Amino acid sequence: MPGDAILVLEKVCRNFGGLMAVNFASLSVRKGELRALIGPNGAGKTTLLNLITGIHAATAGRILFKGEDITRLTPDRISHKGISRTLQITSLFSGLTVYENIWAAAQSRKRFFNPLARPEAWTDVREKTGRMLELTGLADKAGAVCSELSYGDQRILEMGIALSTDPELLLLDEPTAGLSTQESMALVKRMRAMLRGQTIVLVEHDMGVVMELSDRLTVLHYGEVLAEGTPAEIMANDEVRKVYLGK
Amino acid sequence: MKNGNGKKSVREVMGSEISRRDFIRATTMGAAGLAVGSLSFAPFTYGAGKPIRIGTIQENTVGATVYGYWLTKAARAAVAKLNAEGGIAGRKVELVEYDTKVNPAWASSMYKKLILEDKVDFTMGSVHSGVQMAVFPLAQQFKMPYFGGGAMAAGLTGKDAVAYYSRIHTHARMQAAAGWKWGFDNLGKNWTFLVADYAWGHSLAEEFGSRIRAAGGKTQTILAPQNTSDFVPYLQKVDPGTKVLFTAFLGAPALGVMRQTVELGLHKRLQRYTVICCTDGVGQETVGKESAGAHYLSYYPRHASQVPKELQAYDKAYRKAVGMTDDGKDVSDPKNTATVSHMWTMWTIPYMIKQAVELSGWKDSKKNADFMKAFNTLKVKAGPWAPQGDLMMRANDHQGFHNHYLEVVQPDLSLKVIARVAKEKLMYDAPVDLRSKL
Amino acid sequence: MASNLAVAVLNGIVWGLIMALIALGLNLIFGLLHIINMAHGALYMLGAVFSWYVIELTGNYWLALCVAPLAVGLIGLALERGLLRTIEDKPLVTIICTFGIMLVLQQLALTYFGGTARRIALPIPGRFPLFDLQYPVMRIVIAAISAAVMVALWLFLNRTRYGLWMRAVVQDREMAVALGIPVHKVYMWTFVLGSVLAAFSGVLAAPIVSVDFMMGREILIMAFIIVIVGGMGNLWGSVITAVVISLIHGVGSIFVVPSTATVFSLGFMILVLLVRPQGLFGE
Amino acid sequence: MLPDKWKAAAFPLAFVLVAAVLAAVPFFEDLFYQTFLTEVLVWALFAISFDLIFGYVGLLSFGQALFFGLGGYAVAIPTLKLGMGTGSGLLLSVAVPAAFAAFVGFFSVRLTGIHFVIITIIFALIGSTVGETWTSLTGGADGLVFMPPPLDLGIAQLDLMDIRTTYYLVLAIVAISYLFLRRMVRSPLGKVFVAIRENEERARLIGYDVRRYKLLAFVIAGGLSGLAGGLYTLSLKYASATFLHWSVSGHAVVYAIVGGAGTLVGPVLGAGLIMALEHYLVNLLQATDLVVGAVLVSTLLLAPMGIVGFLRGRRK
Amino acid sequence: MLKMSGICCYYGKGQVLHGTTLEVREGELVGLVGRNGVGKTTTLKAVMGMIPARAGSIAFRGEELAGVPAYRVPRRGISYVPQGRHLFPKLTVKENLEIACVAGEIDPAKLEEIYGYFPRVKERLGQKAGTLSGGEQQMVAIGRALIAKPDLVLLDEPTEGLMPLLVQAIAETVQAINRRGTSILLVEQNLKTLKEICHRIYIMEKGAVVYEGTPSEIEAAMDVQERYLSVKV
């Protein structure tokens, strides 16, 4: 589907000392869709996200974002191209308040040289931070140091940070990891509100969440793309069942 | 205001600071008292004038502890003797002491403390060039007379010298003037300088070397870091034709180079020569039997027996006063060797201060300039206060001149004087004229 | 020239072996506890200082060689138990903390031992001829002892249970715990062993270099260089590096001024840090 | 808890109050306290410049002595050898160390953790080795003595041989530097620094070129360390290669840690307290390093956030 | 023998185990199955004391394990084979075995027993563990767990990443070990293997055990399989 594909991976590979973590993976994500990446432990899902965001360099293949080759760019450059992500293990500015966390992300789109600029004067960033706090529902906890938040709130904040960079593509790495079933459901609800219209690649183990949210699924196994399709297609796929159920 | 005699500090008036000051006073006086006790029991009452305070900074904690120990000992003994003899101009003399930590930054801080907090009238002490360089501009800034205790940097009385600093003691240029010719004539014409890659080492190699070369000798210079542990890589570079190996290191490396020279067997084919600064205050038994046969350029014979006849009476009294045996050891600790060649400065300077005060009619800091003028024209005759012999100040550069000695280490590790260089032979053109600056 | 070279090479090896011992202790502690021990030089110095006292009392160098490292080992034990244990997992904090410990130990040595350099007589005074120079037998003996200690350390690490544990903890701490290895005790004994090695090399070097409370400061930097170039955590890389650096230094100083050599070797170290932060022999 | 309005007014009030007290010192105290405070202020500036790179960006630099010493030489050498004025010397004492910091930082910020610590020590060692051996330029360990010419401010000539003038000059420059740093760490730029300290990977992922910001912080810190060295040299009239030795950085480390890293007021407090302690102790016992080392170690173990952190914790 | 009840574990703020309860009886081979990230590995680590349990109790032979320092747990008679083997790569196979005998020397009889299960281990004794193939590493890892003569072995995904032929062999060996009297708690993602060898099977979901049954009971309950193990909602 050329034209409206926003992210394209062409035969991307990455090995770690002989282990092929990602093995000629090809993938195409369309604008506006929510694509879930599933697969057993060690299938290479997180590695794939790391390749897209430039944390690891691909050993082979190309990654195109909006038709532009971003394979060799550094993470900060890729962020400025419009890709944002959350991490599997919560990664916040843990000693700072919720407000400061969001602010740090919100101001990242501005170019600034003046070391003496007053943050109060940046009304646009302030408004954006306020908007984000509302959107994440963390406005009443804005002054709290984020290491004191509940884990669920931390996960939401993590997403809030990612969203505050105005991404065109959002990568979510196991947003419900470490949450109970009830908490997961609450998070999914919040996500629906927060992420409306956003193009998303979602790595998730919780099938409930995946089925609830995703438009299409890609199944990874040993670094390779095993199958791709709508949830219904994937459910009916024998190979996938074998991988998951051992049948 | 600038000379430190300004109005009293609020704190002083409030008295919160008194206890600490009293503490210093008590300790210094206690020490002085002890020294007095050992001399005589003659009680003395002082005039109404407030005490004259002499501030000292010495190397007491780091590196050169032994210098601090002995220079302080000499200073205390001198002050005790001065007080026993009636003080200066009828005023009692007090000593205020601080440690330099061999750290110019710390020393300058302590020096300011001496001037501004302890309000001393005169300052003296330290054998460290960096320390003296650091306090040198402060002496000028506060117009505070300062007398070095034996630092060798020629610059201290060189062309950038300041008017409130005087050195009665030798330095690199004078050492060279005193020592090169003798070495050149008696030890050999082919010299190798193995010196610390450090300002002090550079200047010794330069001062000696240029004279040797001018006289037609050959020189080689090997620089090694001052903190070298293993000298073998440098010693192996010594030219095979070398006749004189001149070394200059301080502290542990000074011992190291001495013994490692012998370990490599170099002592058999060349003469060893150095300035006593390397091992002053270090017992020859510590330097080791490897040092037998080495030559030192010194500024006071370590052993009483080596002191020239006409000075022996003064030397005897001086040794008794500072608590030093005939072999240059601490009377209470035979392992503690005195820095014989440096410490006499602290013995003589207080007396010279007294002379200059009397000559200039000094009462307080207002007459510091006159005091300095008087001090720098002093000619001290050999006597109880000048056991090292006649001493002469030169008013141009505030440099003093005194006799030098050449000592050689005997197989029994005593130091034997084999030559004496009279101070007249050490004169060089004054690089500066400070007379107009006072 | 031949004699220069022969002395340079021989001495490079001898001095390299002593340096290797110091660096081994530093590296052992780093490899296991991830502590950059700024106090290591001070422990080396304490070894030499204690040995001086023992020799003063008994006149026996070989006794000092046994006693002084044990005494320093006790200090290491106290430091690990009392101070470092609670902050072991914070590398930057341990650097600052060991820096503070270094200040304290140096000052203590100064207060009680004094600032004057002391000499320890060569326990074996002989020399043997080497071309037109001579070379002290004791240096060869010291090198041999140093090498023997390294062999002993190798045997300890490879032939004993504790050594096995140490090697295991370096590779996979979590699994070591899961197998029942008391990791905290291993840490403690590693720190003690590192301290003992530092002190032991201090005693070994003492008859060559004289004893002085500042003797550890410059050695520390040399040991850092060796550990980094050889690879942090790579013990035998340190040994090779120590000998090679000593050789280069010995041979190189025939040709260049020492400060130039120092600047170049420091520059080389920067290069290693940037290009191969794991060290030349690290993987 | 105080109303926000009061809180906003608290700092300017406190700052003005402290500055006023310090400015009043020469009218009540004798010269000693002026010189002592001059020193404290200079070391405090050195400590906060170190804290910018350590407390705010999270990089432990043991190499700040290099910039401190260079700042000193940047004042001394042009004045002494080129006959330049004190004003340009002070500007150079910021510019030259900042330029060196840019060079050193270019390599150093690629490394993190202990590797960063070590590379900064190495650079400082190179500096002190060159400084100690290039005696014709630097005077080596003996150092250089110079008499600073009066500082020409256009409207007035400041005689730097005068204690009080020097005190006010140092007080003014340190106060301005403090305000500058305070503004900076609260500015968007400062927020990036703190973000990098808290979570470098996250900062990179939201689009910050982490290395560039680290380099920027390193250069600013280097420039200010240099300024501290310049002021120190100016008050002493003496520059020395010993100031370049990496162990001099230890002062800044101790002051910042004891006072509270990651705050600006902490290092200033730390400098004041430790130096006062040293000056007091020096009359009682000689082993001041013993006490400094012990204070450092016990702070790390008992109050890892320093005095300021401890007080804040208590207030909560 | 092992009784876990109401265990709650956290990674930082994230709660991974929400009151896990399970039991292994003397001589039993129990399977623990569940999808990725449901807390199976954490359950094993909680037993080993590697992750502290903030609530609940872990009793081994009636003695409480929670609060016992991690390094003391193996001495009580529990061995652990972690996911990914975690051999010490730079140690030889022999050393990898020796290290597990924290309290004493290797028992030759036990060693022979291990050779019996895995003849390959004997051949590789002198080789560095890092140079072994995945299957061989797994054999050494199991051998390392057995050499300390445990009463209970915790096995975390021993067949992960192995060739099908080896999967079979490992499964059979596990069964053989169990038959000689060692209790085993076996974690797998692959239900098929478990159904063949286990006495009982627990299914985990979101940090809690949601189903318990014998293989045949599970076989019958297709809905359970679909619900907890398949990709279907």
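Note that the chains are named A, B, C, D and E in the order they appear, and that numbering of residues resets to 1 at the start of each chain.
FYI, contacts are C-beta pairs under 8 Å (C-beta built on N, C-alpha and C of every residue); 3 or more make two chains touch, one makes a residue touch a chain.
This is a predicted model, so every value here is computed, not measured.
Traced through touching neighbours, the fewest hops from chain A to chain D number 1.
Any chain that touches chain C and also touches chain D is listed here: B. Of all chains, the one whose Cα centroid sits at the greatest distance from that of chain A is B.
Farthest chain from chain E (centres taken as the mean of C-alpha atoms): B. Annotation: B-D is the more contact-rich of the chain pairs C-E and B-D, by number of C-beta pairs in contact. The geometric centre of chain B is 37 Å away from that of chain C, both derived from CA atoms.
Per-chain Cα centroids separate chain D from chain E by 56 Å. Between the Cα centres of chain B and chain E there is a gap of 78 Å. Multi-chain contact residues, meaning those touching two or more other chains, do not occur anywhere in chain E. Multi-chain contact residues of chain B, defined as those touching 2 or more other chains: 61, 197, 223. Going by the touch rule set out above, the chain pairs that meet are A-D, A-E, B-C, B-D, C-D, C-E. Of all residues in chain D, those touching chain A in their complex are 180, 183-184, 186-189, 191-192, 194-195, 197-199, 201-210, 220. Interface residues of chain E, counted against chain C in their complex, comprise 48, 50, 69-75, 80, 82, 86, 88-91, 95, 98-100, 102-103, 144, 148. Residues of chain E touching chain A in their complex: 11-16, 18, 35-38, 160-161, 189-193, 205-207, 225, 229-233.
Those residues of chain D that touch chain C in the shared complex are 60, 107, 110-111, 113-115, 117-119, 121-123, 125-126, 129-130, 132-133, 247, 250, 253-254, 257, 286-287, 289-290, 292-294, 296-297, 300-301, 304.
Interface residues of chain C facing chain E in the complex, by the touch rule stated above, are 161, 164-165, 167-168, 171-172, 174-183.
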